[in-house]
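Chain lettering (A, B, C, D, E and F) follows the sequence in which the chains are written, and residue indices restart at 1 in each chain.
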Amino acid sequence: MPYVNIKITREGVTPEKKAELIRGATQLLVDVLGKNPATTMVIIDEVDTDNWGVGGESVTARRKQGK
Amino acid sequence: MPYVNIKITREGVTPEKKAELIRGATQLLVDVLGKNPATTMVIIDEVDTDNWGVGGESVTARRKQGK
Amino acid sequence: MPYVNIKITREGVTPEKKAELIRGATQLLVDVLGKNPATTMVIIDEVDTDNWGVGGESVTARRKQGK
Amino acid sequence: MPYVNIKITREGVTPEKKAELIRGATQLLVDVLGKNPATTMVIIDEVDTDNWGVGGESVTARRKQGK
Amino acid sequence: MPYVNIKITREGVTPEKKAELIRGATQLLVDVLGKNPATTMVIIDEVDTDNWGVGGESVTARRKQGK
Amino acid sequence: MPYVNIKITREGVTPEKKAELIRGATQLLVDVLGKNPATTMVIIDEVDTDNWGVGGESVTARRKQGK
């Protein structure tokens, strides 16, 4: 009954891509640890680029600088 | 000073129901562990059904199949 | 399929008390939102008092001062 | 490569203030533990006042009572 | 710069298996969303079976019943 | 009543250093957003280097390679 939380920046990820993340993360737990997929939970959090920081600055600021 | 995080799917839960969750979770910590309610924190996260997966598929897909 | 995370200080909580927290948190989601208990997940994190801060100081320091 | 998550109530915090939180939290890890700022991640979650509880009631209710 | 958190029960998972989880979760973000693996962070939490509940009871209790 | 969670690798951080992190994170919320320190909560999680991955490999493996 594993639990996986994936945090990504909110930048228009489609429901299809999210479904792929859910499928892939669940399969990973099956393949590596033999977990039961029926009780594996995956939660995707989309975070605004203003609210995500790396290197001491927001992703919004980094994108403007081409980082 | 416990901290409780409750994650549920975003499906129109009313402020009254959320207040019940906050009250109930706080009371649980008082009843079971004798914690001080004044410093007990409860945070409710509502997650889109596209972003929540169980059994390798999104809750959106499961709902369509009547699961 | 809700997910509940309860964080408490690590101070010798017994397995029986933990079982009560699991039972109570699951029942809360059943009572308030009609959730299915079979797919409700509860995770309890026990945190060392050195690693938990309130009011700008650790719980270890607060306990020594009788707070 | 530390990870910092800051949860605050959603009450109109500006991108400038968020940038200050990101800068400050990153600097704290540099100053105290000598961590590399380039690989320090900060995520800010803004939580609706209906979804945040203290003392067994929501922040929305507390604000109405002038708490 | 995604962040992935994997929670599993603490039951003797080897460092090799953990390395596979880290590799697989990172690759998933590369494959599905084209993320940069260099800035993808994965954190694995191992949770005692007394501290993990499903269906209103601890995993410890479920294992004893052969669930 | 903000909540701050700091995750660092488990590598012998002293209680004094943890106290500095708690003090600094609390002060940051006071300085930037005018929050009340009395109700600001800080939780530090120390994560084994086997359980923390960056760039698709564990911190344990990276340290061996001098990264």
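Note that in this section contacts are C-beta pairs under 8 Å (C-beta built on N, C-alpha and C of every residue); 3 or more make two chains touch, one makes a residue touch a chain.
Bear in mind that the values here come from a model prediction, so they are computed numbers and not experimental data.
The angle of the rotation superposing subunit E on subunit F, based on CA atoms and rounded to the nearest 5, is 120 degrees. The interface with the greater number of C-beta contacts, when A-C is set against C-E, is C-E. Chain centres computed from CA atoms place D at the largest separation from subunit E. Across the assembly, the mean Cα position most removed from that of subunit A is the one of C. Comparing A-B with the candidates E-F, D-E or A-C, the pair whose contacts agree for more than half of the residue-numbered pairs is E-F.
The centroid of the Cα atoms in subunit C and the matching centroid in subunit D are 21 Å apart. Mean C-alpha positions place subunit A and subunit E at a centre distance of 14 Å. Residue positions of subunit E with contacts to 2 or more other chains are 1, 3, 7, 21, 25, 39, 41, 43, 52, 54.
Taken as a contact graph, with one node per protein chain and an edge wherever two chains touch, the assembly fits none of the named shapes, being neither a line, a ring, a star nor a complete graph.
The list of touching chain pairs reads A-B, A-C, A-D, A-E, B-C, B-D, B-F, C-E, C-F, D-E, D-F, E-F. Residues 15, 18-19, 21-23, 25-27, 37-46 of subunit F are the ones touching subunit C in the complex. The touching residues of subunit A, when paired with subunit D in their complex, are 7, 47, 50-58, 60-61.
The part of subunit B that touches subunit F in the complex is made up of residues 1, 3, 39, 41, 43. Residue ranges of subunit F in contact with subunit D, taken from their complex: 1-9, 13, 17, 20-21, 24-25, 28-29, 31-33, 35, 39, 52, 54, 59.
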